[in-house]
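Should a chain be cited, it is by its letter among A, B, C and D, assigned in written order, with residues numbered from 1 in that chain.
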Amino acid sequence: MSYNTFGHMFRVTTWGESHGPAIGCVVDGCPPRLALSEQDIQPFLDRRRPGQSSFTTQRREPDMVRICSGVFEGMTTGTPISLIIENTDQRSRDYGEIAQTFRPGHADLAYQSKYGIRDYRGGGRSSARETAMRVAAGAVARRVLGDGVRIRGALVQIGQHEIGRNRWNWDEVGQNPFFAPDPEIVPVWEEYLGAIRKAGSSVGAVIEVVAEGVPSGLGAPIYGKLDADLAGALMSINAVKAVEIGDGFATAAYTGPENADAMHMHDGQVMFESNHAGGILGGISTGQPIVARFAVKPTSSMLIPVPSVSLAGEDVQVVTKGRHDPCVGIRAVPVGEAMMACVLADHLLRHRGQVGDF
Amino acid sequence: MSYNTFGHMFRVTTWGESHGPAIGCVVDGCPPRLALSEQDIQPFLDRRRPGQSSFTTQRREPDMVRICSGVFEGMTTGTPISLIIENTDQRSRDYGEIAQTFRPGHADLAYQSKYGIRDYRGGGRSSARETAMRVAAGAVARRVLGDGVRIRGALVQIGQHEIGRNRWNWDEVGQNPFFAPDPEIVPVWEEYLGAIRKAGSSVGAVIEVVAEGVPSGLGAPIYGKLDADLAGALMSINAVKAVEIGDGFATAAYTGPENADAMHMHDGQVMFESNHAGGILGGISTGQPIVARFAVKPTSSMLIPVPSVSLAGEDVQVVTKGRHDPCVGIRAVPVGEAMMACVLADHLLRHRGQVGDF
Amino acid sequence: MSYNTFGHMFRVTTWGESHGPAIGCVVDGCPPRLALSEQDIQPFLDRRRPGQSSFTTQRREPDMVRICSGVFEGMTTGTPISLIIENTDQRSRDYGEIAQTFRPGHADLAYQSKYGIRDYRGGGRSSARETAMRVAAGAVARRVLGDGVRIRGALVQIGQHEIGRNRWNWDEVGQNPFFAPDPEIVPVWEEYLGAIRKAGSSVGAVIEVVAEGVPSGLGAPIYGKLDADLAGALMSINAVKAVEIGDGFATAAYTGPENADAMHMHDGQVMFESNHAGGILGGISTGQPIVARFAVKPTSSMLIPVPSVSLAGEDVQVVTKGRHDPCVGIRAVPVGEAMMACVLADHLLRHRGQVGDF
Amino acid sequence: MSYNTFGHMFRVTTWGESHGPAIGCVVDGCPPRLALSEQDIQPFLDRRRPGQSSFTTQRREPDMVRICSGVFEGMTTGTPISLIIENTDQRSRDYGEIAQTFRPGHADLAYQSKYGIRDYRGGGRSSARETAMRVAAGAVARRVLGDGVRIRGALVQIGQHEIGRNRWNWDEVGQNPFFAPDPEIVPVWEEYLGAIRKAGSSVGAVIEVVAEGVPSGLGAPIYGKLDADLAGALMSINAVKAVEIGDGFATAAYTGPENADAMHMHDGQVMFESNHAGGILGGISTGQPIVARFAVKPTSSMLIPVPSVSLAGEDVQVVTKGRHDPCVGIRAVPVGEAMMACVLADHLLRHRGQVGDF
């Protein structure tokens, strides 16, 4: 089966292959009368775009998005918004070899096994190129959420090198090629990742995404819990192997008192004294910041050979030439933000429909 | 919004509150002509049932399931299967106090914020009692999957005490009250959890679920990836804060060669030399065992007081009396298995419809 | 496949067989804080209940509905509402013969062909008994719509005998066993239907349902148009073969000017001068009354023999003994109202979520 | 709300406005390894294309479809198929007036009421131009169904002029500009429609669509019945006001024996002696031809003035200049076929997934 839509009321359907003529998405369910133009979307695509440093793939594409429907005189109309990016730098000659072999860690074998056919050029549908449309849809989702909701992501770990949590500074995120919130980690990562790249190797990473200003009450228990939908959305990103909300796996080692987020009243408002829960209880937002983290495995495309098998059923050594990110997790930062935005926009509309106003 | 259905072709809708007259579920989309009776479901419910050791809540209910539709002369008919469990031991007097205060870590405040009303008795809809119906539905899902697919879960961590991975023995899981696969950890956990219980505290845990015999090709890219659906399903379980597939968060620290699951041919079959990916690539099963882990936070109900607020907007100290599991993660083992079974059954039917036979 | 849920935000899942232990439904997505008790639902079930005149089946069941979840202290909580009716008068001896033969016009052959198994007792899942749960769900939907929306149905044709449209009086509908809005047609139908019944035959009917007070703006273009959803919902009722909105098939013979619903302003409001469109344009409600009509074929169960085939593949003559409505269309009136209510409640919540307040 | 997707396993999402830059659709869930190219789709678009006779709008567009994803080396891959048609002949100057007034019978007022904004150019999203993408998707659906299923449509009534049923000849349908299966009606319609056009008026029509070779067992009771899904799909076509299956409304006047489709065995097969049911019983296909009819109201765009209101709240007379079909029902024939194809393809995949092979 193929299933390329997510969301209930804010629904995003993506299409397109890495080396096909174009990629695109349809955003259905966006409320009307929101100001929207290509200029609202393009900056987010630019943040994700490859080729901006030596640490991301050298594939160079302008990734210019075009709005083909759903916007009239600069405003959304409530009809589906079609977003399209033409593929311009396809260079399919780089990928000819992978037609005959299955790259370990990639979807090659799985797609072949499932469909009996695959567009092997650049990974086809399973390429991370698809995430460009997530980012585009996320930009629309931000308009739905409005200025009161702020969604930001940062890279917090590359390999075994973690940021210093006590040095976290959101303003730093845009100042380095890693989306790092800690300036002291930047030279460490530069040196480490430079060595990884020279060795033709790759490495994993952890991304954290935080949404502030999210009103309490979002979430659709039991099987559309906000954290469950977030977990599914983040896990659907290419190469992601783990997701946690709030303190996540660490809570397994906590006792009850260590885990409890105590509350008190302050000026007539409920104030939390900690946020181990990551802003979600019972699948519903509490008004605290929503905090999610996810792990991205090392880029499977490497110059270091790995034993594998061929379409013809022979043992082979696979070396993946071409242009690849040594740490695909870096560019996953804007993608994670986009998924957070889409899930929140969807839940905002669901909540408003069934329970009341935002 | 409320959303109480999961699955696309194998769809489960649950209903019921902890202290309402009954709880139940409707399993829609089960194929016809499968042998099914209450005896196929009851053993799984019995494994999850409370009151079986001093480490789980002393609430005692037989949890006898009744099939009310969809089965004729011992066989499924292809029509919806209604499963109902009457609530017999409701003792609502235990829970009277929580009507006026919000228990930290529980869904109380979130439900009140969202709906403006809540059935506070025993947590109402947000109670882990709902998971009984997940287990019942999971038993039906196992019939759909057939005997070739084996799904097993185990507890691998309580607090900071982890099992010895090199001592893993599935046969031990049924021999102790913890679903522990390692006999040497049992006395450690007994002593630790006994102290936690006496202190009126609680603690978190980690569960691992493994599905063997799953055919390759299950998964619906891009937004119904098998791992994404699993992540959402497991995160939707009460008190779960984190999910990982295969090596999960550990992959962030791996290099590409460390993470790669090399392959070779053996007797005409593709053999993997490791399973860091947990049996899923590109959102599609590879034929290897599907491996998922999830963290359950400490039980929020404790005898140790926590600062909180009341419905009336006053600062209070909350102590949750009544019968509670000191480690709710223990009983999450059969629930995790059930969610794995439901997700796989759904994807099996989706795959068969669109791509071909099982 | 089996698919027993309808609606997007106001979702109804029904289950149960004619002669199983019980039938029921789960209403998910009902907003919180609506007053609801069995007394709000029972009167609608009583209107549909068989055995109330010689023109409906003599099966006598109290059809007492029980709310098993989703309501707390007389108010909806926003969690799923489980409604159950125990089957009390099953008398399966009446139906023993149909196990071996396929009754023409019934679903017997189709279910056997699809599923390879069927609960033949009283038609099993395909029995019109399922419509009791539609009526129950419809009663909940009316609470969602509120008192400002009035939904009423009437029988307008039995066989070739149509009501006099110029004599339409809603107050008459409750005064006769036919839900007839025209008192002059009542003796005509009584005599006609008495003869049909004595002959062991049956006859078809047409029902009209009108919803007044529906706000403009409901409808989800393009594939959730209000009229499309209504058509699907009404066609899903047992034995329905045709649906029309507004003037329906008659518009095929109209010219443009005859069909146009002219408008003018009156006290700052748009006033329509006619309602050929039945209150829906472009799939969206206009504020005019929503008008739908549907045709119910003759009851397929008759004492008059019809050539058919047996499970064993032999030619047989089928006579359906037992208790049957000579005109099943009569009891379809409250069912049609219920489907209208459910569709409107669903669209009200969808509209409110995405576009604004009611 | 906006909802622009239909189908469960074979899912079609359309987008685009009449005078936007392009229109398109995404077909998700198409099985892999089906031969597909633009040449398989274009002929169906050509049948629907305007400007082919004096009886359809003179808007002239080549309507060249482009496959942008989901096909590799001439075969479907199982990934979403994106189909796009650029709008070339937009001539928006024709439609400037309708920005300020609401055309009776059109969606203008309803969209304005719902969304508070509308793309008025050519009807925007509510234009019948959207149906081009239905036809394109229908061509893909035909590949899913294979050559064993034949779907054909015909025009059977214009105004009060019906075809002679006893003269029905499918071969005639392609021989005249009306899709008429009766050559004797052609001159009647030509003369009648010519007069309608000269008068600046319009007229309604009835279309019949028949699917032969459909296997028994398709349909998803209770809320995905084949006839219910067909009714919803056909009613969703622009200007459709009524749908019937088999003998439809006529069955209301039948007695049971008149309506019964008797069966007998012939060479080990069940043979039906009539098809009043239109090939569907209990919502499931029986193996007989599926027969559906739908009514299209007169084109609302006319040169004859109709009283209406303006955006500014004033009484006006609306005359719709520009290029319009005097009988929009003619071009609805290929659209009705396409909807039948899509619904059947969806149900084929659903059936195969849950119950067994085709």
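Note that a residue touches a chain if its C-beta (ideal position, glycine included) is under 8 Å from a C-beta of that chain, and two chains touch if they have at least 3 such contacts.
Predicted model only: the values in this text are computed from it and were never measured.
The minimal number of chain-to-chain contact steps leading from subunit A to subunit C is 1. Among the remaining chains, C is positioned farthest from subunit A, on the basis of C-alpha centroids. In the Cα superposition of subunit A onto subunit B, the rotation angle, rounded to steps of 5, is 180 degrees.
Averaged Cα coordinates give subunit C a centre that lies 26 Å from the centre of subunit D. In terms of their C-alpha centroids, the spacing between subunit B and subunit D amounts to 46 Å.
With centres taken as mean Cα positions, subunit D sits 39 Å from subunit A. In subunit D, the residues touching two or more other chains are 1-5, 8-9, 14, 29, 32, 78-79, 114-116, 125, 221, 350-351, 353-355.
Chain contact summary for the complex, subunit A toward subunit B: residues 1-6, 8, 14, 102, 104-107, 109-111, 113-116, 125-126, 130, 157-160, 196, 201-206, 216-225, 227-236, 241-265, 268, 270, 273, 276-278, 280-287, 295-300, 302, 304, 306-309, 313-315, 329, 347, 350-351, 353-355.
On the subunit D side of its complex with subunit B, the touching residues are 8-9, 29, 31-32, 78-79, 221, 349-355, 357. Residues 1-5, 9, 11, 13-17, 20-24, 26, 28-30, 32-33, 66, 68-70, 72, 75, 77-82, 84, 114-119, 124-125 of subunit D are the ones touching subunit A in the complex.
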